[in-house]
Each structure stands twice: as C-alpha cells, then as structure tokens.
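These are the structures in question, set out in turn.
Note that chain A is present in both complexes that follow, paired respectively with chain B and with chain C.
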Partner chain A sequence: MADATTTEVKPAPPAIEKIKVKVDGREVEVPKLTPDWQGKLAPTTMLQACDIAKKDVPHYCYHPKLPVAGNCRMCLVEFGTPALGPDRKPVMNPDGTPKIAKSPRPAIGCATPISPGMEIYTSTPGVKQMREGVLESLLINHPLDCPICDQAGECKLQEYSVDYGQSASRFVEAKVHKPKAVDLGPRIMLDAERCILCTRCIRFTKDVAGDDALGIVNRGSYNTIATFPGLPFDNNYTLNTVDICPVGALTSKDFRFQMRVWFLKETKSVCTSCATGCNVLISSREEKIYRYTPRDNDAVNGPWMCDAGRLNYKWIQREDRLKDVLVGQASSLPVSKSGQAGSLPHYKSSWTAALSEIAEKLKQAPAGSVAIVVSACQTNEELWLISKLKAKLGAISDSVERTGDADKLLVSADKNPNTNGARLTGICFSEMGINLPKIADGIASGKIKSLIVFGEDVTKHGISAELLGKLDTLIVSDILPNATTAAAHYVLPGCAHAEKRGSFTNTKGRVQKFMQAVQPPGDARAEWDFLHDLVYNVTGKNGFLTIEGLFNEMAKDVPAFNGLTWASLSDTGVTVKI
Partner chain B sequence: MSFSVPANLEAEIDELITHYPVKRSASLMLLHALQEHFGHISPEATQWVAKKLGLQPINVHELVTFYPMFRQSAPGKHQIKVCRTLSCALGGSHKLHEHFCTKLGLDPHAHGLQTTKDGKFSVEFVECLAGCGMAPVMMCNEDFFEGVSEKKADEILGGCK
Partner chain C sequence: MIVKRKPLNLFERLYLPAIIGGFKVTLRHFFKKKVTMQYPEEKWVVPDGYRGAPYLVKDQEGNTKCVSCQLCEFVCPPKAIKIIPPGPVVSNADRPNAEKMPKEFEINMLRCIFCGFCQEVCPEEAIFLQKDYSLTGTSRAEMIYNKEKLLALGGVHAGVQKWKHKAEEAKEQETFPVKV
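Take a look at the complex of A and B:
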C-alpha cells in the first residue's frame, strides 16, 4: 500500500553501518548496531548475528525484550577474529584470505559483540559438548515431571534435551528438593524445582512492569525464586512471566492443569478489553477457549499484554449467552401501555423471518424517527454497515463511552476496543455519547419511534426501561442478556470477537484484523453477516458476502481507510491517520 | 508494629550509609548493625533496611537468606558453632556436632541452625574458624575452643549458665 496516509509513521531509519562476519563458514552482512530490549541501538551480539544467519543458538536467559543477564551459559559458541601481526596489520593466509585467530575459550553469544571479520562457530564438537554439559547441569536437580507439567510441549528444557540431552542421567546422588506449588501471587504458581534460575521473571517484573517484586533467595542449590514473605506477586502484568519462563516453573493458575498445549488450536486475534488492542493468540479446543497469550507486535504491545485483558474471556462462553433470534410478543400484539415497563415475553423466531420483518418496518419508518446506538465494541465493518443504514434512514446515532484507569505500559483509559472505528465510520463524534440524551428526549417526546441497539445496555446510559417501553420498535443485537434485550421487540444474537472475523481501529489508529477461533452458540450469527442482509434489504444496495470484500468496500468508502485492503492488514495491522 | 530502631543506632546507621557511593551498597553493614543489636534479622528489620535504602524488601531478603551468618529468628542464648571445613571435618567435627545435637535433643541431620525449645542453645555448623591446626574447633558465643573432645564439649555445655 503506497498511500502515504496508511503507512506507519516512522522516523527515517538511521543508516546503520553493516559489517561482515562468518557464521559456520557462511558470510553474512549484519548491522553493527541492533536495537536492544528498550529499542536503543547497541552493538550487535554474536547471538543476533547467528539469528540473521538463520543458525539457531539455544538459549534460556536471553530474551530480546529484557536486559541481558548472561547467566544460563546455554548460548556458548566458539569464535575467532582476524589475526593481527606485530605491525597491527591483518595476517594473511597463503591463499590471500585473512588468518583467523581462534579464541581459546568459548563466549556467550547473547552478550558478546561482533567485530568485523569475526567467525562464529555454532556447530563444532566443542560447542555441542558445552551445550550437553550445560543441559546436564541444569537437569541435575530437575524433577523430570513433564507428564504433569503444563509447560510440556512448549518447554525449552524439553526441546533442548531432545537436541543435546543424555538419554539417561549420570547423577546418582539424591536430588535437592525445593518448594512445589508455591502460591506466588493471585494468578501465579511457582514450582521451584523446575526453575532453571534464568531470572527472566525477575528482570521482567523489575525492568518492564516496574514492580521489583521477585528475587532469588537462599544459596547454591537451594536457590529459589521468591517474593518477600507476605508480599504477593500481584501487578497487572504478572502472567507475562508465565509466557517467558522457558520451563514449567511459573504457571498460570487459570490455565494450570486445564489442557495439554499440543491439543490447542491457536487463532490470531486482538484483545478487546481496552483501546490498545494488544495482539493475542486465542488457544481453543473443540469450541472451548482455554487461554489468551500475547502475540508479538512491536507497533502495539511488543510481546506483552496485561493480566486483566488476558483473563477477560470467560464471558464469551457463559451459559446464559443469547442463542436464539427472539421476537417480543408486543410486535404482533398491541402494546399494553399499562404493562410493567421492562420485560417483554419473547418467542423464538428465525433469522429470515425476523430480518425481513425488521427490514419492512425500517423501510416504512419516516425520516428522523429512527435512532441507533452502537457499541464501540463492534467491528469497523459492522459500524460501517450500520452507518449505511443510518444514512438511508436519516437516523441519529451514537456510541457509549467506557473509561477506566490507564497505566504507563499498555493499558488505555478507553475501555472500548474500537472507539476510533466508531468515529471514523461516523457512528459517533469525537465526544462519544453526546447524542444519547438527545435520543432519550426524542423517545420521550415521541419523535423517535424505533431504536436500533448493538451491544449496549442503554438502560445504563440514560435511556431507561420506561422510555424503551414507549418505542414502537426496539431492535437489539447483543451477546449476553440484559435489561435492553429484555425489552426488545427483536433480539438478534450476536458474536463475541472470538467467534467472528473483523477489524478494530485501536487508540493510535492501527487497523488490526482478527480471525475466528470458535463457533458461536446456537443461532447466534456474526453481526456483519446479518447486517449485510439487513442493509441490503433496507437500502437495496448489495454488499459483500465475505469479510474480505466487505472490508475492501468499506476501505474505499471511509476516507481514513482509503487504500487499505483486508490482505494489506497482514497479521499485525496498519496504522492510519485518525 | 513493635519494631523500632533506637535513635542512637539509627544515627550510627545513617552515618554508615554515607561511606558508600550508592546507598544500596550499605545493605550488608546495616544488616550487621541490626543483627548485633537485635540478635537476629526479623522480617520487620528487613523491611526497615529496605525502606532506609530505597529498596524493595525482596532485595534485602535475598541477602539475608544468602548469608548464613544472618539469622532470621532469634538464636539461643548460647550459640554453639562447630567448624566443618576440611581439617575439622577430618578431625571429627561431624561427630562433635552430632554429640551436641543428641545431647540437646536436636536433629543431627537437619540443615542450618537449630535452637532448643527452651531457647537456651543453638547449634550450627560454620566454615573455617582459622584454628585448623587444632581440629576440631568450635565457638560458644564469643569464646573459642580448640581440640574439642566430647568430654570437653560436655564441660563447655556445663559452663553455660
């Protein structure tokens, strides 16, 4: 996408000098400097050069987004540098190539900077022996409880053991026993026997989360990760330590013993708990969601996400989900004005019947008699389809603001995942919610006779159940039942983001798409999917039956999205001007 | 909280801190000073040190648990320290340690410092007390004993009032 407004606003990349090194005999050109864990340029290390050369160097303590600790020694490699003669000039081989002085000692790849002409050897018998040695030492006191360990299947200790491990242990002495199932904090369990003391968790919570809560207590083989007694490990980012713990020492209380990881299907998605829109993987099996884990995206969340967002998925599979298309009795019977405002008796209907009834009603609605309230939790595509309906009906519309606390790391004060989508599609104004009182007044005065609500309980936002009782037609789509769905003439069961595809525009204007992880319950249908039918029925304009087509059509129509295509969003999104 | 540091000790500690370019470097000296005064480092003392030095309690707790010389609970009135480094180990310090333990009703195989229920005695192994030529060597509080036989050990215990 060449359009200037749709590409990431980046500072001009500083020209970084490249230097040539050899990795296992193959020459590669690598930048002299590489962004460190904070994004500051620092000398490129041997490990990073090997990465560029596509040579795997096993490592435990190194993590690209944490300060380097160099404590596990798993990344040891051998290397050499061009030999210099007494005249400080390079010594040449008879064939004219520079003579390499091989270092007598290995060095850790994660903390040793490269230099021009350096040769790195990652697959010599010596390196293999060192890896075997490090691994054997790490396993000395390891309980080897993989069969009951949650990490099994995504454990670096297991993986490297396959590559460098011994088939039998030579260790005949008694293993040191350390605390197991330690309650480290409200969301984290520690098995100290599995810990390899790489200090990733300590560095993360101190340097990234800014909560210096963890440390290593005791000495020698009794070393144990711990908090200060009585001070639980409890910040909003603790679960990231479970992700970065290379072994099964730190486990999530929520996910512990729930499912073997190799059974899980991973779906690329986005967190909906705030406007930051952290990229996530939804892990599911047989239509059940088991966990969210962060998905790397340096333009949004890096490799992290907050605990609150990560654990906010249980509602999706709640028992009381709206599963049926419901029609309130009042739509076929005269409204009983004397009846208690609030609840209507509902009977089960079908999509075809309900949608065509709704379309008929809307077609007949005089201009100005319809109001629309759409949640900024709906996708860009859905908001856009509703904006088409709004234009056709000359309706007044708005969204509902949702705010909370922000923090310095990721969490945004705006708790709607798609505030910018609602603004850019014209559903609301920059000040969200200013139309809500007008809508309430319109209903009270009898000017507004029909109300369309998507994903909000308007009774909590100034449009009381009494007012709803005055409407001729109340069309509500939602996921969970609430006072507004109870009063609706038509209840259209919608989908959580995990059950559909679509895109959100985050707080910085990054348009990010997400995929479907699980099937919606019962008759529930993706809102964009039935909205497409409805909009077609009402406006007579055909839309697109696929999300790709719909997105591309929207991108042509909404100025901010001009030039975007579904495909161009790739997995990590595109930033637009907001 | 009942934990409070007397003003003169606090003044001494404040002065100690000035010896170091970085406050954190004074951690060990502060712990020594507090242990000398209180006999052990309680969790409250750890928190006090952390606060004094602008650290998190875990940072200080790491030190307290790392160094065996810091006690996390009150030791006995008489602290028996048996050397277990090479010369003394060869000279029978393990037997000596076991002798004390059985005499005092403690577990000879337990790790670390043990204190009798009445709080009168503590027994522990320590590293070289620099009396290697006269193994086995031990200390009872600040008193130093060389070539300690079981008989001598009983006398030492007997002398503890």
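Take a look at the complex of A and C:
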C-alpha cells in the first residue's frame, strides 16, 4: 500500500520478460511477472492474462489490491500446457504446432500462474457449467431481497447471475436465515444473509488497514462475518469494505436506504479533507450529494479512501450557506440579518454592483495598504488569480495552516487540500502563516487599510474582530457564515469544490482536476469566475473565460506548472516538481 | 381548387323528402334504448383491466407492501412518481420484519399517464392501477397524492406476502436443530 500511494516519479521498472499464452485461441503476450497487491512482482496469473486479452473472467474474492484468497471458485477456467514427451521435449502436432495437454481439472484463474505456451479456455461448455454451479451454490441461501438491498444495481452477484447464472432456482428447501441488520461498527451495517463469504473485507482490514478486526464464525451454512464480541469494527478505513463487498452484505450506515444507485450521477472529483487529495466520485441526484466513493488512482490513493474524508460532505449542503452577495454598512437601510458583536448589518447587493465597487476601492488603494489572506482550500486557478491581484496591489499575503493527525496509509497531517498550490502560486511562503502577525500589526498600526479574505475565519488566526473593525474595506469570500463574514463590508458567496471546477496540487505535487457535481445555492458563484471579473476590473488584463483557458494561462505563468494543460491532467492528474 | 356544384334535380329541390328522411332517423332513435348516461348521478361500469389511477395497496393485515425500491420511480415515463427512502433508521414501519419502507411516496396525478408501467415493474405487488378515472382537484398541490392518500385509496390486495413467510422461516430456525 505504501508503495501504491506514492506519487514520486519512480525509476523505470526493470524490463520484464514477456511470455506468450493463448486465451480462447488468441495469442497474447503477457509479462511473466506482474505487481501483486503490494506492488511486488509476482508470477502473472491466468486471470491477469485473461484481463490483458480482454476476456472477462467473473470473480468475487479476487481484488487486485488484496492478497489472493481463491475461495469463491467463480474464476474457474480450463487450461492446457504444451505436452512433454518422455524425452522432456515438447510433443509436436503433425502441422508443427506444439501439442497441448489439456488439464483434466479446471483451475482458479486468480491463483494459477501462467507458463509459456499455456492455453486458457474461458468459454467452454465446462467453464459455463462451473460458473452456473458456483452461482447456484452462492444463491442457495442468498435472500432474494434485491428490492430493498442497497447494493442492487452495483451488485456482482446480480450481474453475474444475469450473465452466467441459471434463469430459475431449483432450490425448494427453506433457506438458512442468518442475522440481518447487524451493527458491526459506527459506520457499518452487516446483513449476514447476503454475504457470500469472499473474505475481501477480512483481508482488507487485516492486510491493508492493519486492523485485524473481522473474521468468520460459526460452521457450515451458518458461516458469518463477525467482529470479536463487544469490539466494534471501527477504524478510519471501514467504509472501504462496503466498496469492495461484491454483494450487499456490508452497507454504509450513512448511505443506507438513502437512494438507489441507478439514480446517482457520478462526478469525478478530489477529496478536500487533507492534502493527500484522494480521487473520489461524487454521487449526486437532483443537486443533492449522497455519497463519496474512492476512484482508482494508483499514484495517489489506490482504490481506497479514509472514512473521515468520505463522510465530510454534509457541510456543502448546509442550510446556512452564504447565498447572497452582501454589502455591510454601518448605516445601511434594510437590515437582513440580526447582527452580533463586532458584526455589521448587511443588505443584499448584486455581483456587478459589488464587484465594481470593490474594484474601484482597490484601484485607489495605495501600494502596501492591502493585505490578502487566502485559504489553501482554494484551487490553483483561484490562488493564481489572487496572486495577480496581489502583484498589482503590492499586497502582503498569506495562508492559514491546518494540521491534524496523519497515518501510515492515506491521511496527511496537512489538512489543507492545496497547500502546495498556495506555495507554488506565491500566496504564502513554504512556512505557512508567518505573515499573519505582520498583517495583524499592519492593521493595528493603521498601515493596512484593506483586507481581502478568501475562505478563512481570520478572527481565529490572530486577526481579532476589533482589528477587523479598524479596516476601511474588508472583502470576504466564503462558503459558510463566520465571525469574519459578519464583520465584512463585502461578502461574496463562494462555492464548495463539488460546485465548481478547478485543480488542486496535493502534498506530493500531483496536480489533479475535479469536476462540478452540483449547482451552487442561490447567488453563489465559483471564486475563479468572479475573481476573473475582479482581476480584469483591477488590472485591466483579460484573456480567460473558461476554466480550461484559465488553467492553461496559469500553467504558462507559474514555473512549476509549465507545460501542463487542462486536458493533459487527464482524470488522474500529473505530478509536478515541488 | 374549385369544386363544381352539381345543380339539384327536381326531387331534391322539392325539399320535403329530405326533411321527412331526417325526421325518420330522429324518430327511430327516439324509441330506441337510450345510450346517454346521466353522469354523474349515473356511473359508468368500469370494465376489468381498465387502467385508472395507480394507488398503493396494503396486504390483508393492513400493512404497507411497498419497500421503497424506487423501480416505479425509475420506470415512470412522465416522472410522476417521487419516493423518499427511509434513510438508515426505519421508524415508520407498520409491519414486523420491515427493513425498508418509503418515508414518503408521491404521485403527481397531473403528470401520470396511466400507462401501468409502475404496476408491471413492482416486485412487491404494492402498486396497482385501479378503476378511478375521474380525478379532480382545485389546485395543483391537491393533485399530488401522498403516501397516506394513496394507501387510503388503494385498499387491500392480498397477493404475494414474501416478507411474512421470511419472518416465519427465520423464527422457526431460531430453535436448533432446524426444522424444514
């Protein structure tokens, strides 16, 4: 796992010898060794060879990033190897091709290594019968409750039953009933009846997450996944077991009975809970976000992500989101919000009016009288636009550091998703936050008259509400209301990452783009979108109206991003030198 | 295009024969059995297989059959059905052994085209097109039928009761050895 998650550019792997095998009569060249679940080289298996030959072999227990167990028997295939004569030389057919000695028994594709000249048969009548048999056996005690099962629609048992199973059940006896809705841990619910005992979850939590919490108890058809009595299944990676569960046995309590999966629109995005930047899919329907699921990216997170990041999406659709452009004045007319201590009464304004007023004020501001505090939660493009503003105004700028606990697997100690973006665009120094006291002093001494804040509550970072009161102009863009937005002269409602497009640079320097899943609420606008207007108004320079154009322009301007284009980022990103 | 009118002949110009012919038809129908119905005092007998409004039904024990699988919502061509699933905690279940039940079930009868796909797709036999053909309301909101209304209108339908049998089977197996 440690190897799989690194984003460093590794030296080219040594050339691996290739061998030729035949899959269903078609010859393919496959490497003799393939990285196994830990990234170590291991003999290539028949299943991997079939994958290279683009022949689907159904499987339940095999997972490319887990140790091989070989217990589901779904990937049984027939095969043959070149026959050897008594002289240990290959026997030839009359036409000069090597004679193939077909194995009398089938073998599981996931655990049988290939050998030169091997022939694999994945669609013989025998293989079809074996698949039917395995499915029939799995379905003996499996409840037919697909209508209420959350996995329906993304269930391997459903899919393989349609593709390879029999149309009717021959089983007339009463099914074995096992516990349903078992509370395994704070985030996981188990339905033991649906479990097909592939042990993916057991292997994941033992070998990948390093918490040997799950096991199989009871005998025969009463086999059940269980935790040690009284010990909940609770680590930061439990929800990955829900993803890898091929059936609906393990379900997420957060997503349980919330929405059927076929309604969900999946948007490629990046998790913002820490600087690792795990690739995620945001599942949404009708502008509501239902869940995050990890998206495969071997350079960042593999197929996993942590529970904390996965469940950190509810704030995006909180009721108290900032939805209107607000202008605060000491003597304003209609008051829209009840003010608290240190806050200004705000009234609604419009984007055009507010942005042109801000631009006027910033244009008149003498050099050195403006300070900028930008969160490292903003995208590369936004940070770069702000750096343009900073250069024009001769402003002092900084970001706010956020740290927390790290772990060996994915979680980074840095909780800002774009710390490196803030550094590379020159918003902050490599040591983040050293300018904040200077900004506070500047405001106290009256040198700094205007403060621009993006996505931070500066009252918690050394610039108190009293200091904010001294400012002539306080421009704040944020997503949720806080003490800083309450004191602001201009409140510009921004967007969460799920509501805009952009890119982040993760802790290892991987630049990854993310797409828009849902529409922002009310008048909220993506920061890069209104920053573009603002920067144009202040500097008079124009040139980018789309996120693609903006990114490409930034890539030309920022040395670290040179040579990148929005399109070249692809879905999994590009690593840059940091 | 100009259509040439044929001049009327003498018989036609006499006028009366045509009038008498007309009255003959009227008189014939006057003494025949009436086909007009005195709606709404008199109601039409709806034939079997008629596709009227879709309602949710209960089983003979008065329990909701719908398990909120949302297949009808998916299949509904005019998108008239909206189901809100229960979420992780099923608190409003009205039958034992209920894992899932809709929190809210709405059919917009203004959108419904009475195609019967919902009935066809339902794996639980919980929704049926019934014989109601005259749906009226004084506002749009009134025409969106909620779960309570749909269940009240739907009545009882004793069909497959697979969840009941499952519960019984599971209960039997609580004692060991298993009886089959």
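Following the convention adopted for this analysis, the second predicted complex is superposed on the first by the 557 of 578 C-alpha atoms of A that agree within 3 Å, B and C clash if a C-alpha of one lies under 4 Å from a C-alpha of the other, contacts with A are read in each partner's own complex, and residues count from 1 in each chain.
Note that a contact is a pair of C-beta atoms (placed from the backbone, for glycine too) under 8 Å apart; a residue touches a chain by one contact, two chains touch by 3 or more.
None of these values were measured; they are calculated from a predicted model.
Chemist: Any idea whether chain B or chain C touches more of chain A?
Modeler: For chain A, the partner with the higher number of touched residues is C.
Chemist: Once the shared chain is lined up, is A:Gly215 touching chain B (first), chain C (second), both, or neither of them?
Modeler: A:Gly215 sits against chain B, while chain C stays out of touch.
Chemist: So, A:Met259: does it touch chain B (first), chain C (second), both, or neither?
Modeler: A:Met259: touches chain C, not chain B.
Chemist: Where does A:Leu231 make contact in the superposed view: on chain B (first), on chain C (second), on both, or on neither?
Modeler: In the superposition, A:Leu231 contacts chain B only.
Chemist: What residues of chain B sit close enough to touch chain A in their complex?
Modeler: 43, 46-47, 55-59, 61-62, 65-66, 68
Chemist: For chain A, which residues are in contact with chain B within the complex?
Modeler: Against chain B, chain A makes touches at 212-219, 226-231.
Chemist: With touch defined as at the start, can you tell me which chain C residues reach chain A in the complex?
Modeler: Going by the criterion above, the answer is residues 67-71, 73-74, 85-88, 90, 99-100, 123-124, 162, 166, 169-170, 172-173, 178, 180.
Chemist: Please output the residues of chain A touching chain C within their complex, sorted ascending.
Modeler: Its residues touching chain C are 143-148, 152, 173-177, 180-181, 189, 253-254, 256-260, 262-263.
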